[in-house]
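Next up: some structures, all given as structure tokens.
Okay, so chain A shows up in both of these, paired with chain B first and chain C after.
Moving on to the complex of A and B:
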């Protein structure tokens, strides 16, 4: 990207003269990925799905963050919003991580296939695998799989994933290119281009995110389905994207490039968005749960049942996780963000944003990990437990993929101006008032 | 309140770097659109809006009013026939026991939800262009809720027992079914109706006071004086007003979402293929916004032409509304696509059949009308020349209205007509009573809306003035999007 290479910020100089944080994040990323990779290989060799799922958890977490930022960037262009310009540049820097992120999905897809344990994560990839809960039936004989085999097969999945990568990386590239180019030349075409790209891109992103989450998460239990699942992911990604942006901007305003540029109003508006999407996430999650609970159709309810009950009918640890999500991911952020000072006091907003990211990770674990494994009991399956040492691997992979993503973002930031100098709304943003 | 960054201490070097950076920031010139065009002053706005109410009743108004009133009698006729005979006069018959009544209810309630949603959400999002349309949208909401309420009310059969819908102690010890979403509708819609009326009415108080102060005849002084509740344009009044308005906007937004969500539960909480789908709540809300903007433009474009409101409802306003119709129409299209995809993906043959049957079965004509009107026709709004052609915009909005009625028809009737038991399948057709009752509601709606146009301020004058270039005399907000504060006009009042 030529614009990236040319634009070198004078304001970035004080930050880069200090110890290079990008290098630190790269090291953290490599260490985390090494741990995750070791666990993945160990999982494949020992047929331990839980270890392998950690990689998917880490990928999904950062995919949510970046998808949220991509949504928010495009929405801000479409609304022609003024306050967001200072903040948007930081998100554009983060979007540089998309290409690395998609590369980091390869191990969890490729290694189980290459190491002859294809159904370890996505059971449908192994036609000889026993279907949990249905005795003496393999995936290859499962009528529900056979119905979906045209979609759920490895070559087509890889093709679709390539399309998702192409769409997200392509949009990130185009938005970044135009935004960074506008720093070099006072020309309205760049802003107009971004608006046009966003108008088309928002639809592409919506369908990409929806089908990506169908493929990567919903098909983990390929019998299950929900039309709401894509909307749930949108809500989650917006929450995580906003929270990550708030933490990043806070950090940059304290120690880095946004000192004196990111003000109380930006924090307030981000806080309002965080509150709105807290409610939206709760609304979507509740609606999905309620409609499935109320209809009580076994083909749908099993997804929640395995997240609630042990084999003897008692509450499993997942039930407590779900309660934790209700209170920790909705009630606490909702009440906290209703409060004006939470939105504007830096440490409070940073704390609640970190909390939202932590609970977002728990939500992803709740959606990814409790898959069924065939065993010889009355149900014919057991559910992977919540409490396991693999939680530490989850953390390592989140840190690993996160390290690479942040490294990519910082690398981009080091080459660019901290704010889009010639954005038509840049002064509105610098002087934003509530 | 100190700025967050005030806690950050900048070294002199950093301060210098910041100042240099800000000095380098030279925004490219893409000015924000002017919301009130033509270089008009505050007085012009007052005269324009009050003039609609104070002027002589135009002939076209009488013609439309009488026509609408005649149309409304169709509803009266239909309902009289229904009550005197029984619900059997409607086209309801096994297996379609929910026919036009629920279709019409959801159609009107969708439009009804949209007005307040538009007004409240745009208020919270600080979209200044809302000022030209919010009052009419809110009025539309209330009149649409009135029309919507008729259908479930009379669908209960013995309408004189409709009060049983409320959990009032009674000698028969009969209680409503609290587990039914239809019962939730009673509470949701009545709460929503109440808040919508409050929101609409409260927003009008300053303008009613304006009309009161300008009134030259006694009945006007008394009528507007009574409803202006002693408004005197004092600073304290405005402070309280703005806080109350913001609070009501904040309350209305989740309330609207909840109401249309509950309407979607009427269907989605069942086990019927085509109804039981988890995306229904947000899909219904998106549909309500879609149909709401469709109806707002359907109503406002003729008013704009008749009253010469081109400086108040500018091309920018029309552009914004067209783009929202495009966005929400596409969201509705996304929901249709998800329903279809998951109907296949789920592997449930009944679910799969329900959707194949919608598209290619006996009601395929209705389905494709729905798709054409709701998904395809709004795509024309991608083109600027379409958005700038008022006639085309109005026609497409007509399609949106038609399409949204058909959406509810498709959802309701196709799933019921061809359910689990092929031996009970049937083809639903409305009777003349159904048609009369529905047709008449357009008359009722028009009567109420015409009365609103004639007797109440069509736009919030105070808010309009706050977004005029004249309100930003020092140019802080580029003189366009209302960054400035409301000024006092030449008459000494903040109208």
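Moving on to the complex of A and C:
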């Protein structure tokens, strides 16, 4: 059964031998990272949190894309899905970027600590920092910090981040190794190995993604807590992972590597998943808001208040961002993806996928950037604004980290076959029917 | 009382091999027949496209049902809490889109499901209690090992001799005239 697959792949081979654009992405990545690093150092020196947060925004964006792909890869193994085989190889190539991604988290953690401004991004890292909104209290005297100090301390945080990196890179390594080995040797054991790895890995990935966003995003406002937060991130990561995969596969099918292999059915299935997770994201994001709104406890509601109100009670720019998320990140993709042609027509699906990735970035900015800074006003704090020149730094860091991730994925893709030639379900995938 | 078959209803061609049957379905489509159907013992992927069938209209019923449910949920929560009997609960506004959203959302799903069911019945012209094809005594073979292509007499292109010859030409193994 593999003979036909080999024939198909060798037909596609001349197209793959064209110039690999990895170098361009590496250059873009280095330029973007240089801008981001400059902004980060400037932020540390001038005590400007917003400039430093750009790095976290960029990291979170690509972390959610890659985590989504890691989830989807393992889910497809667990469900023993046939259609996905052609698409899965592209995600496996992207998973090569995980090790670079975690290395790129180091500057935003290490530089504020080394340059003597530890509380710049995560206020709880500086025990002498003033707590916003509570006059004359430092983090070290804040009872809500002391209660969480067992979790929120720098050595334990670094230890946890190392575990997250180990789990994601380890799973990526094992899944890639088994999948690539099956290209060289016809043996169903590699497929079975992947299924076993996924059975354990899906739990590890879920815990890793959940705790990573608790540590990196939720602890930005360490007074606040939400049990929905990990699920929100899961929904977001699936949306971004699926959107990125769809864009990638359409590109590869036009450029030649997947020409004739990636067909309308694959697009349709990815479109159905994109629709499902659009609804799931809305469900989770709304549920988080709804529970906090109904319970109306100040310890929780402040998180939404700082994303809605100015000091005088008028609506801030963040309120319009949140409305933009409801309509732009839910309603528009939902209505668009309900229509069958959106899922199968390449340019429509690609447009909506790019839109989902753009709005996903806005959602991450909405979750990361509005942190409180202590000032002398009636509230005792001010909130970082949405509109600021630092949005350009956000874009630079997203391009920077993205450039490195895409470079790593292309480097992996250049060495591997376009599809897993001897996967037991590869023919089923090539001939997938809706 | 026994049912008395009277007039011709259709011509039925049988096939036993999937590829031949699949090709034959494409030939019937290309010949321009409109009122015809296929019967298979198992799902054949791509057969709907081969028969030249357009996508089902049922999703429109689903969408309309969902939209109706959403509006209904909005209306009843607004009418009950915001208009007819305004009541402050938990310090929330009389009506806002937030607190009754579960009602709106559940009614959207419920009515979308009703719309789907209704749409399926309407588009399939159900319920119907009998079908003339059941007069073919070996109809059950289509659930076992035989593919059918059925061309109805009401098709504008139907002609007893020409259609019979056509079925033979595209590879039908047996041809039966079914009466109704």
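By definition in this document, the second predicted complex is superposed on the first by the 415 of 434 C-alpha atoms of A that agree within 3 Å, B and C clash if a C-alpha of one lies under 4 Å from a C-alpha of the other, contacts with A are read in each partner's own complex, and residues count from 1 in each chain.
Simple rule for what comes next: a residue touches a chain if its C-beta (ideal position, glycine included) is under 8 Å from a C-beta of that chain, and two chains touch if they have at least 3 such contacts.
For clarity, every value in this text was computed on a predicted model and none was experimentally measured.
Residue contacts after overlaying the shared chain place A:338 against chain C, while chain B stays out of touching range.
Of the two partner chains placed by the overlay, neither chain B nor chain C lies in contact with A:314. In the superposed pair of complexes, A:297 makes contact with chain B only, with no contact to chain C. When the two complexes are overlaid, the chain among chain B and chain C that reaches more residues of chain A is B.
When both complexes are overlaid on chain A, the residue A:377 reaches neither chain B nor chain C. Contacts of A:226 after superposition: chain B is touched, whereas chain C is not reached.
In the superposition on chain A, the residues of chain A contacting both chain B and chain C are 290, 294.
Here chain A touches chain B in the complex through residues 10-11, 13-14, 79-80, 143-144, 147-148, 151, 182, 186-188, 190-192, 199, 203, 206-207, 210, 214, 223, 225-231, 253-254, 259-264, 267, 279, 283-284, 287-288, 290-292, 294-295, 297, 299, 344-346, 417-419, 421-427, 430, going by the rule given at the top. Only residues 1-5, 7-8, 10, 13-15, 17-18, 20-22, 24-30, 32, 125, 254, 257, 261, 265, 268-271, 276-282, 330, 334-335, 338-339, 342, 345-348, 382 of chain B touch chain A when the two sit together in their complex.
Those residues of chain C that touch chain A in the shared complex are 45-46, 55, 59, 63, 90-92, 98-99, 101-102. Against chain C, the residues of chain A that register as touching in their complex are 286, 289-290, 293-294, 296, 338, 340, 433.
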